Amino acid sequence: MTHIVLAIGFLLVCIGFWGLMTRREVFRMIISFSLLDTGVHVIMVGIGYVRAGTAPIFDEALAVAGAVGKVVDPVPSALVLTAIVIGLAVTALMLSFAIRLHASRGSLAVDDMKELKW
Amino acid sequence: MEILAIIGSFVSLIGAFFLLLAAIGIIRMPDTYNRMQTGTKATTLGSMLFFVGIGLAHPSWWTKLLILTVFIFLTNPLSSHVLARALHFIGKSPLVEPYSGPSVRDDLAFDEAQAVLAAEGSRQMEKGEAE
Amino acid sequence: MKGFLVRLKALLVLYAVWLALMAPLSTQDLAAGLGIVLVLVLLPLPGLSIYREISLAPKRILFFILYIGVLLIEICKSNIDVALRVVQPVIPIQPGIVKVSTRLTSRLGRWVLANSITLTPGTITVETKGGDLYIHWISVTADDVDSATKKIVNQFEKYLEVIFG
Amino acid sequence: MMKRLIIILALAAIALGFFPLAMRISGDSGLTALATHYVEAGADELGAANLVTSVVVSYRGLDTLGEVMVLFTATTGVTALLVAGKSKSHKKEKDSEPDGDGRREGSELLATGAAFLFPILILFGIYIFLNGHLTPGGGFQGGVVLASAFLLLLFSDCRLELNHALLKGAEAISGAAYVAVGLLGLWLAGGFLDPRFLPAGEFGQLFSAGAIPIIYILIGIKVGSELTGIVDAMRRCS
Amino acid sequence: MSQLMLVLFGLLMLVGAVAALYLKDTVSAILAAGSVSLVASLVYLLLGAPDVAMTEAAIGSALTTVVFLFSWARIQHRPQPSKSSQSEETDSNPDDQEDHQL
């Protein structure tokens, strides 16, 4: 099960990376970046998975004693939780850069931006 | 307890059946308005039956499920109304072939054309906008 | 205090939502909910005035329960209707947008009416203009505004007129 | 073509690096030592039923504080990039707006529905972050629900101007209070962001787990106002 | 059983991701990327991380999509010279408007 999840995440990262490298338009590159983001999150959650594990939340169904074999790792969950929110903020920042770029140049194509070429 | 859970599963299955019908309808219907017809109604009943089924299996959750049902009832038609409205405003007419029967009429477009004509007549403004 | 009644009604609605959300209740939940809802209601939330149109007279509540029953029956009918249409080899539709008119004046009432119309067989509310509703009908079987109104609106309107006054 | 080949080679290199690592991870190996400690002792130490909340708010509280800072910085960047200079032309555009020309009135039904649902959505957001230590949910999710409530309001009336002073004020106050609660933990309990300076309460009740609910409420308000700010800056009123 | 579901969700995600890259229409691409996030939240739920699933469903598939669509709308509708007679003075051509905005 873990390996399936890791494979999914890895393929998502590959697709995102591929898009990031081959698309020639800033907007598509941002979309690819968000796919890459999702892939990394899937990998992180997959690393924390324990076979037949449930959520690390104690209630009537899950007593504190003897929970060690039954719950998944809470640390990756917590990290991904914050990473998703950061991902949105960073995506929004990139998008606002794209908006400004388009407003000043009238184009989003990478090929039109020659200043940084070397 | 077990019996209730089994009944709940069956109710959920019926709900899933309605959701399946909605999906089929979305594929089969000829234009977007009619797709929304199936998309709104069948999903509403489908999700409601799902909630009833879950409520039968877990009786202590019924208040939360009631809230969910009320939310679905309030928001699902609203979103489909907004979609239909936007669709009409970008100029998609409901009167498009192919239909099995004769297509009928579009009162909203008619009334809006009337309003535009009236405004034109009274304002005598730009010529290019009349169509 | 101006707007006291509005805030009281909003408080009742929100507190009911809170109680339903916290379902197995303890005293802590009750107290915390009351505090939160009070603060929320006293804040200058936009659009709170819509709660003015809710009324809690016994007769209206009775009609509201009746109305929910009617609505559920209509929803079941509409689903069977849609199902029958979808599975036929040639989909029998004859669509169009028709205009109907309603006597309801309250905004909330019109919203509930439009939602109900959207949930009933073969109709979606596309636009409202004052008391007129424009409805996309999957198979138009009425020729003018009056007959369409009779077919689509009246079954709900008689309840909603009582509920929302 | 050459470029594609290079990219494929790069991806293959990533795969070569990744797969040996992936092979070492499997669900059978169980929890790491750190996670075992959190699972065994977390409930007794902090009194929160949701271990993810314990980790987010307390064990890794400093991370979360930094994360909130990143969010704040990103919001400031978005606002600076998009809002600066916009308000003037925006206002002018609105004044010179001929009614009924091109722009439609917002849907009345949507306005009614948004006005009715808005307080309920806000209450739902508060419910989510208030129960963050008992059930799945918490400040981030609740904050997003708050932001989407405002988003619904913005959809219903695109000319609506949110009160930016209020938004900024809520965000600043909750951020400052977050740090203040952390300092209180340093002063009264074991360390920075230690929530145990308040009584732990009865396990599984609403008022329990020390200061964890307070911190999560503050995070919720901060995240909600920041995401509302982002959405408000990004929107465009046509 | 849950492995089967996981494989199914994974395939859905990959299809969505490829669609997000290769669809011509940008709005469709945005929606495909949003659907990847939505399915990802189901995967998280299967993996026993409901907190993450909630966050992903709310942020990844709802707010991110909205933010993408907003910015796409802003990019699509650059300030144009408006044709109506009311707009005088500065709004003579798009470049002017841009300078004004900058």
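A, B, C, D and E are the chain letters, set down in written order, and residue numbers restart from 1 in every chain.
Everything that follows uses one rule, which is that a contact is a pair of C-beta atoms (placed from the backbone, for glycine too) under 8 Å apart; a residue touches a chain by one contact, two chains touch by 3 or more.
All of these numbers come straight from a predicted model, not from anything done at the bench.
Trainee: Among the remaining chains, which ones contact both chain B and chain E?
Mentor: Shared contacts of chain B and chain E: D.
Trainee: When B-D is set beside A-D, which has more C-beta pairs in contact?
Mentor: A-D
Trainee: Farthest from chain A by Cα centre, which chain is it? Let me know.
Mentor: Between chain A and the rest, the longest centre separation is with C.
Trainee: Measuring centre to centre with CA averages, how many angstrom lie between chain D and chain E?
Mentor: Roughly 19 Å separates the two chain centres.
Trainee: Mind checking the centre-to-centre distance between chain A and chain B? Centres are C-alpha means, answer in whole Å.
Mentor: 33
Trainee: How many angstrom lie between the centres of chain B and chain C, each centre taken as the mean Cα position?
Mentor: Centre-to-centre distance between chain B and chain C: 15 Å.
Trainee: Among all residues of chain B, which ones touch two or more of the remaining chains?
Mentor: Residues 74, 78, 81, 85 of chain B touch two or more partner chains.
Trainee: Which residues of chain A are in contact with two or more other chains?
Mentor: Residue numbers touching two or more other chains: 1, 7, 18, 46, 48-50, 53, 55-57, 71, 77-78, 81, 84-85, 88, 92, 95-96, 99.
Trainee: What are the residue numbers in chain C that touch two or more other chains?
Mentor: Within chain C, the residues that touch at least two other chains are 17, 21, 111, 114, 125, 127.
Trainee: In the complex, go through chain D and note every residue touching chain C.
Mentor: Spelled out, the residues of chain D in touch with chain C are 107-109, 111-116, 118-120, 122-124, 126-127, 130, 153, 160, 205-207.
Trainee: Residue numbers of chain A touching chain E in their complex, please.
Mentor: Touching chain E from chain A are residues 1, 4-5, 7-8, 11-12, 15-16, 18-19, 23, 27-28, 30-32, 34-35, 38, 41-42, 45-46, 48-50, 53-57, 71-72, 76-78, 80-81, 84-85, 87-88, 91-92, 95-96, 98-99, 102-104, 106, 108.
Trainee: Quick one: which bits of chain D touch chain A in the complex? Just the residue numbers, please.
Mentor: Checking each residue of chain D against chain A gives 3-4, 7, 10-11, 14-15, 18, 22, 25-28, 30-32, 34-36, 38-40, 42-44, 49-52, 54-56, 60, 63-64, 67, 70-71, 74-75, 77-78, 81-82, 134-136, 138, 140, 144, 203-204, 223, 226-227, 230, 233-234.
Trainee: Quick check: in the complex, which residue numbers of chain D touch chain B?
Mentor: Its residues touching chain B are 100, 104, 107, 109-110, 113, 116-117.
Trainee: Flag every residue of chain A that touches chain D in the complex, lowest number first.
Mentor: 1-3, 6-7, 10, 13-14, 17-18, 21-22, 46-53, 55-59, 64, 67-69, 71, 73-75, 77-79, 81-82, 84-86, 88-90, 92-93, 95-97, 99-100
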